[in-house]
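In the two complexes that follow, subunit A is the common piece, with subunit B as its partner first and subunit C second.
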Partner chain A sequence: MRSRRYIWWWVLPSAILFLGIILIPFITALTYSFRSLSFTTSTATGQYIGVENYRRLVFDQDFYNSFKVTFLYMVPAIILQGLLGLGMALLIAGAVRRARILIPIMLLPTLLTPVVIGLIGVLTLNPDFGVIGQFLNRLGLVQGAVLGNSDTALLAIIAVDTYQWTPFVAVILTAGLLALPKEPYEAAQVDGANRIQTFFRVTMPLLWQYFVVAILIRVIDAFRIFDIIWVMTRGGPGTATEAVAVYAYRHTFRYWDLGYGSALIMVIFVFISILVEYLYKALQKWQTA
Partner chain B sequence: MANNLNITSAARKQASAHSRRLLTWISYLLTGLLVVIFLFPWLWVFSLGFKTRAEIMSPNIVWIWTPTLNNFIEVLFVKGYWRLIINSLIVAVSAVTLCIVIGVPTAYAFSRFPIPGKESWFYMILTFRMAPAVVLALPLYVIFARIKLLGTYGAPILAHCTFTLPFVIWLMRSFFDDIPKEIDAAAMTDGYSRAEAFFYAVLPLVKSGIVAVALFSIIFSWNEFLYGLILTSDATRPVASQIPSLIRPHGTLWGEVCALATTASLPVAILIFALQRQLVRGLSFGAVKG
Partner chain C sequence: MAKISVQHVSKTYKGGEVQALKDVSFECEDGKFFCLLGPAGAGKTTTIKLIAGIEAIDKGQIFMDEQDITDLLPKDRDVAVAFETYALYPQRTVRENLAFPLRAPMRKGGMSEQQIQQRVVEIAKLLGIEELLERLPRQLSGGQRQRVALGRALVRKPKAYLLDEPIAHLDAKLRHRMRGELRRIQLELGITTIYTTPDQLEALSLADYMAVLNNGVIEQVGTPAEIYNHPINLFVARFVGDPPMNTLQAKLDGSDLVLFGLAKLPVSAELKTRLANALAGDGVVVGVRPKDLDIVTPDSSEALFKGEVKNVQVLGETSIITVVINAHELRAKLNTQMAPGRGERVGLKFTLDDCHFFDAHTEQRLF
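And then the complex of A and B:
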């Protein structure tokens, strides 16, 4: 009985902070989502309007566009990062075993400030003096600015995202490769399996759980993409690169439509919590294994 | 006949050892090439910070030039943006210190005590950790405006705790789970209270874990963009949040932007190398033991 009350002292400060900066703000946004509240419209002063904000959302073409953009970016980016990351991991695992310093070097793009990664994208792709943009123009692949063209802007975002996150997938998989047990390989050798058979029948099944966690983290992170797009295109041209978080930003911090913006936030949150459930299960399975 | 077979198998073994060594060297070479490919865009952008405007804008890329520190001096000292670096430091260190002090005991409790609904709490913690900043940025803005916190250091510090605290609790729990419960039990049979056992027996064992979690959190806080932009004033804005506003449709001073970006990246790069051993574990939320 004494120890039960005692537990509270360990979690109380965290619980108070969690309540103050996460739960109360979240519930505030939840109540806003049922109100008409805007800093720019004098008649929207917080009246209760039921599910009107959500109804507006259902008929908002830009809302669907933002989900479309997010998936158009997410799916190819993650497939690319998964494949390149796997190839890279297989390639570098041997060298990493000898020189662990390769891990922090490889992870520089993943961990350095995303805003600066976006800046790298803007500058290298600049058509006039950018080291890649110039090259693309000379090859005739792109006319003018890559980021100013709605056909190529999203491709550029995918490329920069892949530059940033492929090393992350590769390093997680490398850690997996280096932690693989030796026995299954000896058994495969005894059975006379060749390299390709060994890879598909032994390495891939053992590596699979690392792959799942890396990809799930990437899916959730891709859903949140904001900084890089903000620096590179601000969602443009038009709405060509306006991913979900950028769209939500437009309605909250530019139009100051708090009611509608909050409804948007809730929809995003539901999406994230579904994705996180899968990640959580994968992580849990792992920690108990 | 048997002799003959032996010779060929020995020769084959030698040949395969040769080809394996060759393959290894090729893989090292390709690894080196990959490193160069990944570092090149960085180095190129950093190099712009050391160039004059004419050298940057030249349609023929200038590969050899005399480096100048003018951009750094102009942006950091003449325009006074060194303050942004200090702001980043104040925000990151305060948020991380706060979250370590209150989050580490919580992580210990989650690792050791039968807390009701433990797994649901953890699911919730992870969900908020992974939600886009824009989800909490709006209500935090409204609340901070009401309690007159907007524009002070307190606003970004508290906002950064929204992702730092979940991260600390999540990762520190995985470090505590690695420490056998017998250690606490042994200390407590020696007459220590639970709190003393935590301080004197368990904490020393997770010291390197705490350092890793703290450094990781500093990186995330340093890199954060949206809260730092929305919740601060010009006087308290961290550097990462200011960089995008220096990029304009026309007449951007690229040399200065690159100089500032280089300066802002330097501390993070140093921390990444300091974290070397724990990087994988931190990035995979503790799932992969580093």
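And then the complex of A and C:
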């Protein structure tokens, strides 16, 4: 068939994009991770060193710390975003049609670049002239700078991240709620179910697949969190907010240790893949439980 | 158990653009089986939803016994609905779906968990789905889902069952069996049942009383026999009965009634006066059921029409033959042994006693 040959022309643009921005960099990083390559050390010129980078990583306490930080941020942030997003979605879906104009407005924080959101966070949390920083100090909840305190810096990042991403979750769930079939609700009405039963027996099970999508996207995204942290704390104070992506960035582009940085990225990549796969299955199972 | 009375009910959708029901009234006596028969889009499901209280009524009232339930919430009406679209709870097993109506808080306390389980199994057995109890709706075929939906309605003993095409998606054999089962259950429990179907045979065979619905308007209410034997207008005449009634345009010529401008049928003076009004207008439509048509040899003096057999449809004991007379087609239902072959020339006859007369303009029955 003649059309067979043309197929490749259609595939070509996305194939080039895929090769150029995903596959080639990925393979490059993979090969770097087995080499000693640093722009600041004259002896590290890209020679092959086997799994040395990975061996080093296993004994790197800061690396483990960065995983811990990532989870300390990710788990509460996503739970918070899930709950608040659900609440928002229920409000919007329940509102009259005219109130739907709120959706794009609500989405604004999500549309802003994380750097801007981070800056908003830094400014509002400033203890001297930031609205929220001042407020927290006057209430006596915080002494001095929120971001300068290793106990509160991560909380601040969770709060800012939630401010940015809750609307995103809400929009997915709103779309889900508006697309739900109405017949099970009619059946529940006739069966005499109350609102709570209807919510848990009809709404939640039907909405669950949308929930899974929102959560998975957020998990993948949250695991790579970088911009907000870099703008707000640069991983500090100390290493209190140094998530894995920040840690990898520091090694790669601050210390210019490309070999070690690449090894870190590979580990993160494998970890996310396993996490998402596992999480997806777990969430699926939960749905039917 | 209750008498259900629907009075002058109207319903529009999309802000009045679509008139779903127009001044619909009918009554279902306590403990009776009432069928709403009509083609797709006639307003059958809307009627069910209004009686169940799922949708609000625009105009009119609904009574249950003497109580006005027009503004009651669905859960306070004590009805059970089998939805045409199943409306099963998707993430619950069949068992949980069946048990749910018994567990709803307002009906709680009546039954222990053990009694609930017992009742669920009982209903599942009745519907032949006891093997499917642990499955999820998405693991079931359409027919199986429909049986679960029906089960969820039958599991309770409410004041009334509202069944919206509850067996439409079952295969023919099972549908036949379920029809018998449904009627048996209903007679046994004596629960008032309103049942919709597009299948006239189902309505005729199940109902104590039935209504024919068309475009949101009730065409006729009566017993199946009344509706079959005395269809009130051409729509009912053509919709009820299979194959549909033959309808023939007729004019008067002297003392003869001329059918299709071809056949002459002598009529009595009495009949002539009864038809006079309609004949003065657009004429009369004569309806004859296929079963009342008989085959004779084409050159027989009895033959009203002569034509060629275009098609023979064998249904087993009986056959339906389609005869073409000029541009017109007539269907006759015959004993298969008597049926002619395709392409044969035959004569057709019928008697005036078997005819239904309709006004060609108003399409209403004359007598």
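In this text, the second predicted complex is superposed on the first by the 268 of 289 C-alpha atoms of A that agree within 3 Å, B and C clash if a C-alpha of one lies under 4 Å from a C-alpha of the other, contacts with A are read in each partner's own complex, and residues count from 1 in each chain.
Note that in this section a residue touches a chain if its C-beta (ideal position, glycine included) is under 8 Å from a C-beta of that chain, and two chains touch if they have at least 3 such contacts.
Predicted, not measured: the structure shown is a model, and the values here were computed from it.
Is the arrangement of subunit B and subunit C around the shared subunit A a clash or a fit after superposition?
fit
With both complexes overlaid on chain A, does A:208 touch subunit B (first), subunit C (second), both or neither?
second
Once the structures are superposed on A, label A:197 by its partner contacts, choosing first (subunit B), second (subunit C), both or neither.
Touch status of A:197: second partner only.
Considering only C-alpha centres, what angle arises at subunit A between the directions to subunit B and subunit C, nearest 10 degrees?
Nearest-10 rounding gives 70 degrees.
Examine A:186 and indicate which partner it touches, taking first as subunit B and second as subunit C; both and neither are also allowed.
second
With both complexes superposed on chain A, which partner does A:92 reach: first (subunit B), second (subunit C), both or neither?
It touches subunit B, and subunit C stays clear.
Which of the two, subunit B or subunit C, is in touch with more residues of subunit A?
Counting residues of subunit A touched by each partner, the higher count goes to B.
After superposition on the shared chain, which partner residues are touched by A:269: those of subunit B (first), subunit C (second), both, or neither?
First partner only.
Please give the nearest C-alpha separation between subunit B and subunit C in the three-chain superposition, to the whole Å.
The answer is 5 Å, the least C-alpha separation in the overlay.
Of all the subunit A residues, which ones make contact with subunit B and with subunit C?
In subunit A, positions 287 sit in both the subunit B and subunit C interfaces.
For a test of understanding, state which residues of subunit A touch subunit C in their complex under the given definition.
Of all residues in subunit A, those touching subunit C are 181, 183-184, 186-194, 197, 201-202, 205-206, 208, 287-288.
Using the touch rule from the top, collect the residues of subunit C that touch subunit A in their complex.
Against subunit A, the touching part of subunit C is residues 49, 52-54, 73-75, 79-81, 83, 85-92, 100-101, 104-107, 136, 152.
Any idea which subunit A residues touch subunit B in the complex?
Its residues touching subunit B are 3, 6-7, 10-11, 13-15, 17-18, 20-22, 24-26, 28-29, 32, 88, 91-92, 94-95, 100-116, 118-120, 122-124, 128-129, 131-132, 134, 163, 167-168, 171-172, 175-176, 179, 210, 213-214, 217, 220-221, 223-224, 226-227, 230-231, 244-245, 248-249, 252-253, 258, 261-262, 265, 268-269, 272-273, 275-277, 279-280, 283-284, 286-287.
So in the complex, the part of subunit B that touches subunit A is made up of which residues?
So the residues of subunit B touching subunit A come out as 24, 27-28, 30-31, 34-35, 38-39, 41-42, 44-45, 48, 56-59, 61, 98, 102-103, 105-106, 108-110, 113, 115, 119, 122-123, 125-128, 130-143, 158-159, 161-162, 165, 169, 174, 177, 194, 219, 222-223, 225-226, 230, 240-241, 243-244, 247, 254, 257-258, 261, 264-265, 268-269, 272-273, 275-277, 279-280, 283-290.
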